[in-house]
Every structure is written in structure tokens, then in C-alpha cells.
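Sharing a structure with you now.
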Amino acid sequence: MANEHASKQYDLDLGAIRTRVLQMGGLVESQIRRAIDGLASGDLAALEQVIDDDHRVNAMEVALDGDTSHLIVRRQPAASDLRMIFAIAKTVTDLERIGDEAQKMARMAKAIHERGAAPLPPAVDVRHAAEAAIAMLRRSLDAFARLDCEAAQGVIRDDAGLDAEFRAILRQLITFMMEDPRTISTALEIVWIAKAIERIGDHAKNMAEYVIYIVRGTDVRHTRSPQPGA
Amino acid sequence: MMEQLLATKAEARSLSFYYGDFQALKGISMPVHERQVTALIGPSGCGKSTFLRCFNRMHDLYPGNRYDGQIILQPDNTDLLARSIDPIDVRMRIGMVFQKPNPFPKTVFENVAYGLRVRGERSRRAVEEKVEQALHDAALWDEVKERLHQPAYNLSGGQQQRLCIARALATDPELLLFDEPTSALDPIATASIEELMHDLKKRVTILIVTHNMQQAARVSDFTAYMYLGELVEFGVTDELFIKPQKKQTEDYITGRFG
Amino acid sequence: MHRKHQDVVFALVGIVALMVAVLTFLTLFVNMAVDGLPRLDWHFFTSFPSRRATQAGILSAWVGSTLVMLVTAFFAVPLGVASGIYLEEYARKSWVTDLIEINITNLAGVPSIVYGLLALGLFVYQFGLGQSILSAGLTLALLILPVVIVATREAIRSIPQVIREGSYALGATRWQTVRYHILPYSSAGILTGIIIGMARAIGETAPIITIGALTFIAFLPPAPLKAEPPFVSFDWLMSPFTVMPIQMFNWTSRPEAAFQDNAAAAGFVLVFMTLAMNGLAIWLRYRLRRNIKW
Amino acid sequence: MAKATAALHGTAYLASRRARHIRERLIEVLLFFAALISVVTTVAIVYVLVKESVVFFEQVPLRDFLTDRQWTPLFDDAHFGIVVLLSGTLTSSFVALAVAIPLGTIIAIYLSEFAPYRLREMVKPVLEMLGGVPTIVYGYFALLFVTPLLQKVMPGLPGFNLLSAGLVMGIMIIPYVSSISEDAMRAVPMALREGSYAMGATRFQTATRVVVPAAFSGIASAYILGISRAVGETMILAVAGGMQPNLTFNPLEPAATITAYIVQVALGDLPHGSVGYQTIFAAGLTLMLFTLACNLAGHVLRKRFREAY
Amino acid sequence: MMEQLLATKAEARSLSFYYGDFQALKGISMPVHERQVTALIGPSGCGKSTFLRCFNRMHDLYPGNRYDGQIILQPDNTDLLARSIDPIDVRMRIGMVFQKPNPFPKTVFENVAYGLRVRGERSRRAVEEKVEQALHDAALWDEVKERLHQPAYNLSGGQQQRLCIARALATDPELLLFDEPTSALDPIATASIEELMHDLKKRVTILIVTHNMQQAARVSDFTAYMYLGELVEFGVTDELFIKPQKKQTEDYITGRFG
Amino acid sequence: MANEHASKQYDLDLGAIRTRVLQMGGLVESQIRRAIDGLASGDLAALEQVIDDDHRVNAMEVALDGDTSHLIVRRQPAASDLRMIFAIAKTVTDLERIGDEAQKMARMAKAIHERGAAPLPPAVDVRHAAEAAIAMLRRSLDAFARLDCEAAQGVIRDDAGLDAEFRAILRQLITFMMEDPRTISTALEIVWIAKAIERIGDHAKNMAEYVIYIVRGTDVRHTRSPQPGA
């Protein structure tokens, strides 16, 4: 029967939006990576580029929100389609905020290097935390691409680890600041970078929660004990 | 919405139905909750209209039809399909609104009064009061009060359908059946009928067949999805449309049915 | 409840009413069969009328009926179908078509004897066709023309407008639409109408009497086919004739019981023929209804 | 696309288009003339009837025609009171309608609303055949079966009488009344019936309160057609009603109707152009006017019925 | 989508239309873009169908109708409504699909071949090829190839409608008119027709009337909202449905029309 | 005609959701106020309450997201209705994040008072900033309630002021930390509070942008020069 392709166009439209979400995720991921690389290398031009590229992320958000509205108007989604659209609308916001965080990281890194301050030792830990955050983001995007609940739950679990890492970095930085108050400005900038990384983890976790909502139809947000404070 | 807390107005129990040799309904069991709107959806030929028309024994009008199973009407626990029950008595309790507006070729007033006249009501005062009340309830009074004694055919399609609703309401039915009541109407008339249904459910239990999924989502509290004469899924409308339990339901609702 | 008893009572009344009609028909048929069947033999069909009841037959009557029917069909069918098509497919709403429309309804209700008067005044005297097969055939053709037209129109009208629009939308002309769609889809209905019309014509008596058909004809009209060139001849058209119902009328009017048996026999043949034709038409219509569901 | 443009303007195409136009026009004209035949027929009928009647009324004043109480056109003392023939016509028609209308209506309601599908499918063709039986056969039946039967009940009944002719005519008309009425009732949409049943109405209530009123103009037009048939019926009366003019409204007597008179004259040997010859046209004109009125009324009613759905 | 960059296939210019004395269309001007789907929406009686049927001069079939203004068809700049233009020539270029599937009571093959026969095509090979191609294009070939010579009425409703589309496609129309093509179909058949429309627009310009706003949103690239015979708003579908410029359009689209 | 109330139920449904958004906004506002009051008064029980009450905000978010999906399924919104639904879906996320920020403020205030550290002078400025943020939130909710573009634009403009205030507080705190490294822990906690306030302002601005989207149908996000960095 011809019905097998009765909703081909609908599937194509949905697929196109999902692909663009993943593209946005890829862009955001590269933003984080370039920011953290810039922090290490002090390549001001590269950091400048990250800051500039945020407008691309923003543009993608606006475009994807438009696509989502159009799909709602065109297709009146229900059931899993509606959950998908709804989750995409929310995910896009998180991705854009991750983009913002990456921009902030780049801005801080640029400030540190412009001032010519020697990077503090916790910068290494920051890099490690950043890698963890990138991994979380990538895995939540993967989970979204494959609608994989298991992977999404892994991301949610990992967020606690990232939070712990953030707190460790914070403690370290406080020690540094206390030991040498001249480092306070730089340390504070690194605090902001670490905070951004911690937030990226939070956003990745949100996205993972949306994946579970898409697949299972259950809202798993806020269902466990309150997250550890920032 | 707590499904468990609602009273049941009617309940199909292992209901099967045959057109001659063809089995159109296959062992359907589901409740119709009191003062709620229950929608029946499914692709053409899934048996949703057939099911609806069991509730007022409409199939008895045509030869070769056979019921199997029960439809229990509360509060008196009557089996509507029992042989000992006269279909006319069933229809006295259960009103019906059809796919196309079908006012009788009489005046507006006489259309609404028809059910009362059939029941032998002779008091003119009583008839007039009931007619006015029914027209009020069908949100039609203001539009027709000046032309109660003009032919019903002069009304617009949407008004005719509301007249048919008033006609059904005049005899205080316990359960009101709607058989795709807006499929012959334009979107504006459709909206007014849907609105009316929402108001009516404060007083009467409603069972509606619709081939328009969005309509089911809009007007109903409970939805049953049927396919090939079977009940695939029954549940609270919001849940069924956002998180259906069965793959078949999901496919139909998302338009991926093949 | 007493209002439910009404149903039963009325159903009984209905059956009784139905029985009155059907039983009358059966009585008529049986009565005629009882009186007439003994007379029905080969001889009856191959003999001319005679003064002696037992020797009389219906040869000239059935030959006359057949020839008259030929003429009737020849004129009524093409004219009737053509006007039906014109009125349904071509005519635009105007006073002319309104006139034609009302006119046809009226013609369908004009008593057959008035057609006889028309034929008497026009064909027999004005046109000088005399009391011939041609006059009779033309008369009956006019008589059943409304039947054919109405049947054609009904058949055409039952074709949904969307079929026409579908054809026109593909670029078809009016005649292409008629030829490829309207005529094929309405043909069974039209045929039904033609048969019913012919069945009516074959039993018509009054107009034939009015034009003065002879009742006692002991010869056959000239044969339409000849051995020598040009092989066909139309002399039979102008020949005097008799037809079945007139023969029957003649015998019915005789006081002798023996002739009345002849009348019964002729009546039986006549009823049998008309019933067969009506039956055919009904069967056609039944099949039509089963086959096409728009 | 370029092809389409060429198709619109190519000369070969233009030529074929002209041919198409001419063919279409020709066919339309032919069909139109076919349709015109029916008008010509009516004109011819009116022409013939009026032409001969005019001659007739030149000799017999219209006043006498309408008021004279005797009809003796062939006597030396000729009287031309059409009332005499009308009385026979009306009496026989009345008897016929007294049979056909109640029975036809009941049968129609029964078949349309009560009868099981199979019975209806079986009975309807039988009824239609009833209408297809040649009237001469009914005449035979009235004269040789019904009259002797009636004479057993009413010994004084003459051999020719309007009663038996009228009764048989009534039976003959039943199918006309019942089938048109039933068609009208069948045309009432099922949705209306279901609407009524859904309100708890019985079959009888549904039939009498919804279906019959809805089909009323169709049923009325069936009655009018029945009247028109009865008035125009010829052979039954010619055979069984007797042919002598008799001013009476008593169905137990023999009497001539307009139609029977025409047959009687046609059977004789009246010379073309005589007053006797012309009387049948005057009588025919009367008949024609009467049925014309009926037919128009029926037409209007039927049309109104059609518009309702 | 850049509206400006699209070629115009047809364009109504101050088009008015009269049924006798009644003016059904009031000076409508709007383009129909090439290889796009343009939807006409509006409440019952707004004139959308009337407008559609101007494009193939369908109104010429009935007496008392009058056009005023122009419909210019590209690329040859022909005014379809000009007196000098034979409606038959117009219909040779513009196909139409109706509200209810209206296959002819002939075989599947003959239905599709009809347009070719009308055009005088005599080569059997050519007819067979075109029929097969049209059935392919209408996504029907696989379903009917085994029963080309069976009556078209044996097909399901959705298949019949696709057959009607194939019938229209067989003659290579430049513009295809759809008059509520799915209003008589169930949701599944509707989905397949909508899908098909989407595929078709690669090859042919489509103008569709629908009373289902969601359908217009789903299938069309441009939408025109009409009311009381006037064009209220014309624009890119996505924009019109999310951000209509006129209050009237907004009210209709959001169901607040009164 | 009866049509005037043809979409009564729809309007009621939409109205109900909007009311609940405003209720959620009210709750969130009181959370911020109570957190900042607790910071001043040192009322640990009150701060504890703020932390606990965050689950109410979260529950409202989940419920409102459910309502939004239901409305999409039930009503197939288009035009301004769709924009409204879409904006509500986004606004609810922002409100929940504001709730999170209030919770963080309470947690930091609690930490400061538990440690018994004397509040630093910038705490006064923090209170001032918090009042400004609350005012922004309230005005954006007002703008949402009345679909008032002017008011929404005011909120967007004010965000720059709040950001400046945040940077001033930050500079002050850095000075304190440099002068007296023992205050670093407390100062850092106040930094987090200030940061939360700054974020609340950002969220209020987002909400104001959605109001403009509802009314005008134009997406004004990211349309001006990049925001000043955190």
C-alpha cells in the first residue's frame, strides 16, 4: 500500500530539524573546545573568533525556534512527535546557553592572557573538567540522535561528578587566592571559566532529561534529591 | 483527572456485533464515564460508528444484525442489548445526534417538541417550557426565538445541527450519542458545536464518534482508539494523545498509520 | 404501551391492502387462463379471424401489432433519446426549455384517446395516411415519446454532475462527454424506459380504435422483403391492419360465450407479452441498481 | 510549455478547432429539433381539437353545450349537453379513486416503512406489472368477471354499470398511486427516519409524523396523477360501463363517459366533417383541458417536492 | 523562501465573478507561483471554490455566470478569461481534481487514458506509455498494475482520488487545481494525497482549495485567505500562519472568527 | 450569532495557563525576596524554607510544560496563540532557572551565616541589585500579563544597568579580598549571590523578549550588540 510513505514528508521535516539541532550541538561543542584550547595556548585571535562565532549559535537558535513553530503549525504533532518537538524547543535553549557559556569562557581566557598573567595551576584541572563537560554534551547529543535512554541516564549520572570537580577546582582556587592575593583577579576569571564548565554540564544534563522525555514520555526533571549547590 | 473516581454511566462488556456474517465489533469492553465526553476514534471502517449505534439499538432498524455481549446502563444496571428490552425504551433514555443535520421538515418548534409528542405529552404549557429550555441548552434560543414557527430548513447548517441537539435534549436523555456531528459543517459551525458539547457535559454524558483526531483531543475527556472492530486503547485523552501505551495508537495519532 | 400496538395493527392493514391488489391481479390472470388456455394452440396463432369462434385466430392481429411496434420504435426511440439528451445536457434555462419541459410532463398525462383524436384529425385525414400501419405506428410513437424522454432524462440525471465536470475538466467537448459518458452510463436506464413504453404501446386500444383500425382483417400486409430488386418494400406501411388489443376488444363485445373464450385467449397472450416486457425492464433496472453505485 | 503555446496557435490546430466547433453546433441543432417534436405534438393536438371544435361550436352554442341536460348528438333532435358525459366520467372516477387512493396510500406506507426488504423487492415488481396490464384486459375482467360477481350480491345490477368498471379501474390505478407515493417516501432521507427513531418514536409514529408530511407534495402529485388517469381511462368503461349517455351519479347504473363516447363514435361509420364527427373533438377538448389542469398541478407539486432535498 | 525569486505561473488581475446578479468574487488579484503549492482558505461561502473554478472556466458550463477581470497564464501571457479563448483549450492545459473522487465507471486504464482519447491520441503505444507514467506519478502504479482493466470503482476511496489525479496528470497539465481533494477521504488516504501533492509540485504548479486550515499549513507554500469574495491576505504559508498581517486572518486562523 | 463564544473554552484554557505562569512568577519572586531577606537577617530557618520551596517551583514547571503540550494537542494553536504557547514554554524554563538562582542565593546566605562571618559591606549593594532584579522580574511578568511591548522593552534596557551593578559589586569584592584574604570565602559566596542576581536579570530579560515575540511576532533575541560579559 502507498501508506507506508504517507508521512514521509513529515518524517523528513522532523529529521531535518533533528539534524539541525545536532549541527547546532556540534558548533557549540567546537566553541567550548576552541575556548578551552585558547585558554591553554593564549591564541587571542582564536579566542576572538569564539566570541564572534556566538552570533552563529544565536542565529541557529532563532532559526530552529522558527522551524519548531512551523512544524507545530504544519503538522499538529501529537504523541512522540509532540514530545520530540517540545524537547527540541527546550534543547535549543540549552544549546544556546552552552554557546553563551563558551563565549564567556573565551572572554575570560582572553582577559587572562591580555593581562599577561601566568595561568594558575588549576587551569589543568579546568581543562580536565572541560573535557568531561564536552564528553557529556557529546553523549547527550548522541543520546538525542539515537533516542537512547541508557546513554541519557549516563549523562545525568555524570553531572554529579562534574559538579564535584567544579567544587574541587573552586577550593583549589580559594587556596591560591588566600596564599597570594595578587592572583585574585586571574583566579576569579578561572572561577568563571570553571563555573561555565559546570553550567555546560547542567545544560547537557537537561538535554539528556529531554531525551528521556521523548522516549518514555516521563518528565524526569527534578525527580531526584536536590542537585549539589554550585 | 482521576479516572477511578468517576462514576460509570454505561459500560460495554465483551460486546461483539455482526452484520450478517461479518463481525464488525470484536469483544469490546470499555466504560463511558458519567458527565464526561468520551471520544471514539480510528480509521474508516474500524467500527466506531457501529459501536456507537449499539448504544441506542439503531441496528435493530435493519435486518440481519446481531449483538453479542452487553451494554450495561447505570444507575439501574440495565443491559441495553437484552432481548427483553424494547429498543424504543432504550431510545427514550439515550439521545442521538447525526452526521448530517437532519431536522424534520417541520417548524423549529415542532422539531424540538417532537420527542415530547412521541412520548404523549399533551400539556401545551409543558411542551412550550421544555422546548424553550432545550433551545436555551443548545445555545440556540437567542437565534431562533423570533422564528420558532418557521421551517427548520431556513436555519444555517450549524444552527440545524444545534437544533438537532436541542431536539435530543428536550427529552432529558441520560446519554447523548454524537455520530461525527461536525463532519458536514464548516470550521466556524464546528467550533460552536464543540463549545456546546463542553457546556453540555455538565448535565449529560456524551459519547462521540469523530474521524478528526484533533476534535477528539479538543472535546473529549476520554478517548478510545479502535481498529478493525477491536478496542486498541482506552484512556484519558491528554495521556492518550501525548503518551499512548500502544504502538498502534501512536502510529495512528501521529499519522504514520499504514 | 398502546402506541406500540399501532405498529402491529398498521402492519396487518398494510398486508391486507397489498393482498387486495395482488389477489385481484392473480384472479384476473387465473380467470383469463382458465377461460382462454383451452383455445391456445398452434392453430390460434396461424389463423385469421373468422365468423366461427372455434376457427378464429390472431394471425393478422399479432402480425399487425409487430409491424406497428416496428414503426413506433423507429420513431420514438431516436426522437425520445435525442430530446432527453438535449434537455438534460444541452438546454440552457430559458423560456423555450421551460416550455418543452412542462409540455412533456403534460403530454405524459394526456389520455391516450386524445392521441387517437390527434391521429384521426392529422394523420388519417390531414396527411392522408389513412387507417394504415404507418398512422398507427406514428400515433403510438407520439404516445410513448414522453415515456422514453422521461426515462432518458431520469437515467441521465442519475449520473452525478461530478462525472460531467470530470470529463469537461479534461478538455472534453459536450458531445464527447455525451458519447463517452452520458450515453453509456444511462443506456440501461434508457432501455428500461423504452421497453416499458413499448409494453404500453402494444396494449393500447383506444387510439387505434379512434383512427378506425379495422377489426376484421383476413389478410396480411404486403411482405417487407421481396425476391426481386430492390428487395425491400414499404408498401406494408400503408396497409390496413388490426392489432391484438383490438381483436380482443372485438371478441369481448360479442355476446357469444365462445368468442369470449377467444377474447380470454387473446388477452392471455397480450398479458403474457406485456408482463414479459415489463419483467425484462424490471430485471434490467434491478441489475442496473446493483451494478452502478455512484 | 512551448508545445502548449504552439497548440494554442498552430494553424493545423485552428483548423481542427473549427471542425470541432461546427460538429458540436450541428449536433446541438439536431438534438434541439428532436426535443421540439414534443412541442409540435402538443401544438398539433391543440390544433386538431380546436379546429374541429370551432366548427362544432359554430353550430352548437357553448351555452347549450355546458347547460343542456341531454346528450343525443346522433338523434334528429340533437342535444349536446356535455354534463351527461361528465356525470359518467366523474362517477366512475370517484369510484376508482375511492379504491385507489386509500389502498395505494396504505400500500405505499406499508412498503416504504413496514415491509421487510425482501417482501418489498418481491411485491414492487408485481404491483408495477399490475399497471402494465393492457386496459382492454381490465375491461374484459370487469365485464365478464367482476360484474357477474357483483350481480350475485346485488341482483338488480345491470350488465353494464359504472361500479364494476370503477372498481377495476381503481385496482388498475393503485400502482400509479402507490409507486409514486412510495418513491416520494423513499426519497425522504434515511437520516430523518433515524432521527425520529432515535427520539424513541415507533414505526407508525415515524411514518405518519415524519415521513408522510415530508413526502406530502410527492404523495399529492400521485393522487392527482391518479385522478388524471381515471378521467382519461377509456377501454374499461367502453367495455364494462355501457355506452348510452345517462345523466346520473349513481354508480349502479350504466352510463357513458367522455372517453366511451369517443370510442363509440369511432367504432361507427361517421362521415368526416359531420357534426357527429366534430362532437368527439369537442368532447376530447373537454377531456384535454381537464387533464391539463391536473397535470400542471401535479407538476408543480412534484417540483416543490424535489426542491426540498 | 524568497517570494520575489519565484516565477509566476498564473496571475489573477482584478478578478470579479458574478452568479447572475450575485457578485461572488470581488476584484481579486494574486499570483500563483510556478511549481509551488498555493492554498485558498476561508470560511464556507467565501468564494474560494468559485475562484478556483475560474481557472479552468468551469463556470462556463452553467448559465448566468459572468467573469470580469483577467487570469493571465504564463509563459504565453494568455488571458484565460478572454472571450476569444475557448474554455476547452483552457481545460486542455489546466487539470482539476474534485472534492469527491469521481472516476468514470470504466476500467482503471480507460480512466487515465480518457484525456488522451479526448485529445485524439490514437497510437496505442503512446497511450499505454502515458497511462503508465501518469499512474507512476500518482503513486498508484504498484497498487493497480495487476488490475488495469478492472473497473475503477473497485478501488478504495483514496486510490480513486489518486486515480483522478493520474487522469489529470496523463495530459501533462501546466497547472493542477484541487478542490478540497481530501474532504471525502479518511485521514490515512488524506495523508497519502498530501504526500503525493508534495511530490507533484516538482513538476506541476498546484492550486488547492481546502476548508481544513491544518491541511493548508501542511501542504502549501503560499496561502490566500478569502472572505466574502475578497482576498484578505496572501502570503508565504509559514508566515501567514504564525504571523498574519491582518486581524481578520488572525481571527480565522485561531478559530476566533465570528 | 453564537460564534462570539465559539472559542470560549480555548480562551479559558489559554487564560488558565497564563494565570499559572503568573502564579509561578509570583512564587519565584517571593523566593528571591526571602533569600535576600535571609541574607540580611541571618534567619536560617527562612533560608532553609527557600531552599526547600524550590521543589514547588520545579513542580510548577513540570505541570506547566504538561499543560502546554496538552494545549498544543488539543488546540493546534496557530498565529498569536502559537506564539503565546511557544513563549510560555520558554518562559517557564526561565522562571524555573530563576527559582534555581534564588535557591542558590539562599544556600550561599545560609553558608555565610552558618560560618558566622560578618557580612561584607557590598552586601548592601547586593540588596540593591536584588531589588532591581526583582523589579525587572515583576515588570516582565506584568508585561506578559498585559502583553505590553513598551514595558518589555524597558526590562530589556534595564538589564544593562543590572549587569553594570554586578560588575561594580565584583570589583568591590575583589578589592576586599585583596585587602583581607581571610574574607575570600565569604566574598566568593557573595560573588555567587551577585552572580545569581545578575542571572535573574538575564532571565527576566529573556522573558521580556518572549513578550515582544508574542505581541509582534518578531524574535528580538540577539538582535543588539553582544551583551557585556559576566
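Order of writing sets the chain letters: A, B, C, D, E and F. Residues in each chain are counted from 1.
Keep in mind that, in the parts below, contacts are C-beta pairs under 8 Å (C-beta built on N, C-alpha and C of every residue); 3 or more make two chains touch, one makes a residue touch a chain.
Small disclaimer: the values here were computed from a predicted structure and weren't measured.
Under the contact definition, chain B and chain C share the contacting chains D, E. Of all residue numbers used where chain B meets chain E, over half belong to both copies. The two sides are thus made of the same residues. Distance between chain centres (mean CA atoms), chain D to chain F: 89 Å. Chain A and chain E have Cα centroids separated by 48 Å. For this pair, chain C with chain D, the centres built from the Cα atoms lie 15 Å apart.
Along chain E, residues 88-89, 92, 188, 191, 213-214, 217, 241-242, 255, 257-258 each make contact with two or more other chains.
Shared contact sites, meaning residues of chain F that touch two or more other chains, fall at 1, 3, 6-7, 66, 69, 73, 75-78, 82-83. Counting only residues that touch two or more partner chains, chain C has 3-4, 173. Contact residues of chain F toward chain E in the complex are 1, 3-4, 6-7, 10-11, 75-83, 217. Considering their complex, residues 43-44, 186-188, 191, 211, 213-214, 255, 257-258 of chain B touch chain E. The residues of chain C lying in touch with chain E in their complex are 92-93, 160, 162-173, 176, 180-181, 185, 292-293.
Listing the residues of chain B that touch chain F in their complex gives 139-140, 142-143, 158, 162, 188, 191-192, 194-195, 198, 214, 217-218, 238, 241-242.
Residues of chain D that touch chain C in their complex: 20, 23-24, 27-28, 30-32, 34-39, 41-42, 44-45, 47-49, 51-52, 102-103, 106-107, 109-111, 114-115, 123, 125-130, 132-141, 143-145, 171, 174-175, 178, 202-205, 207, 225, 228, 231-235, 238-239, 259, 262-263, 266-267, 272, 280-281, 284, 287-288, 291-292, 294-296, 298-299.
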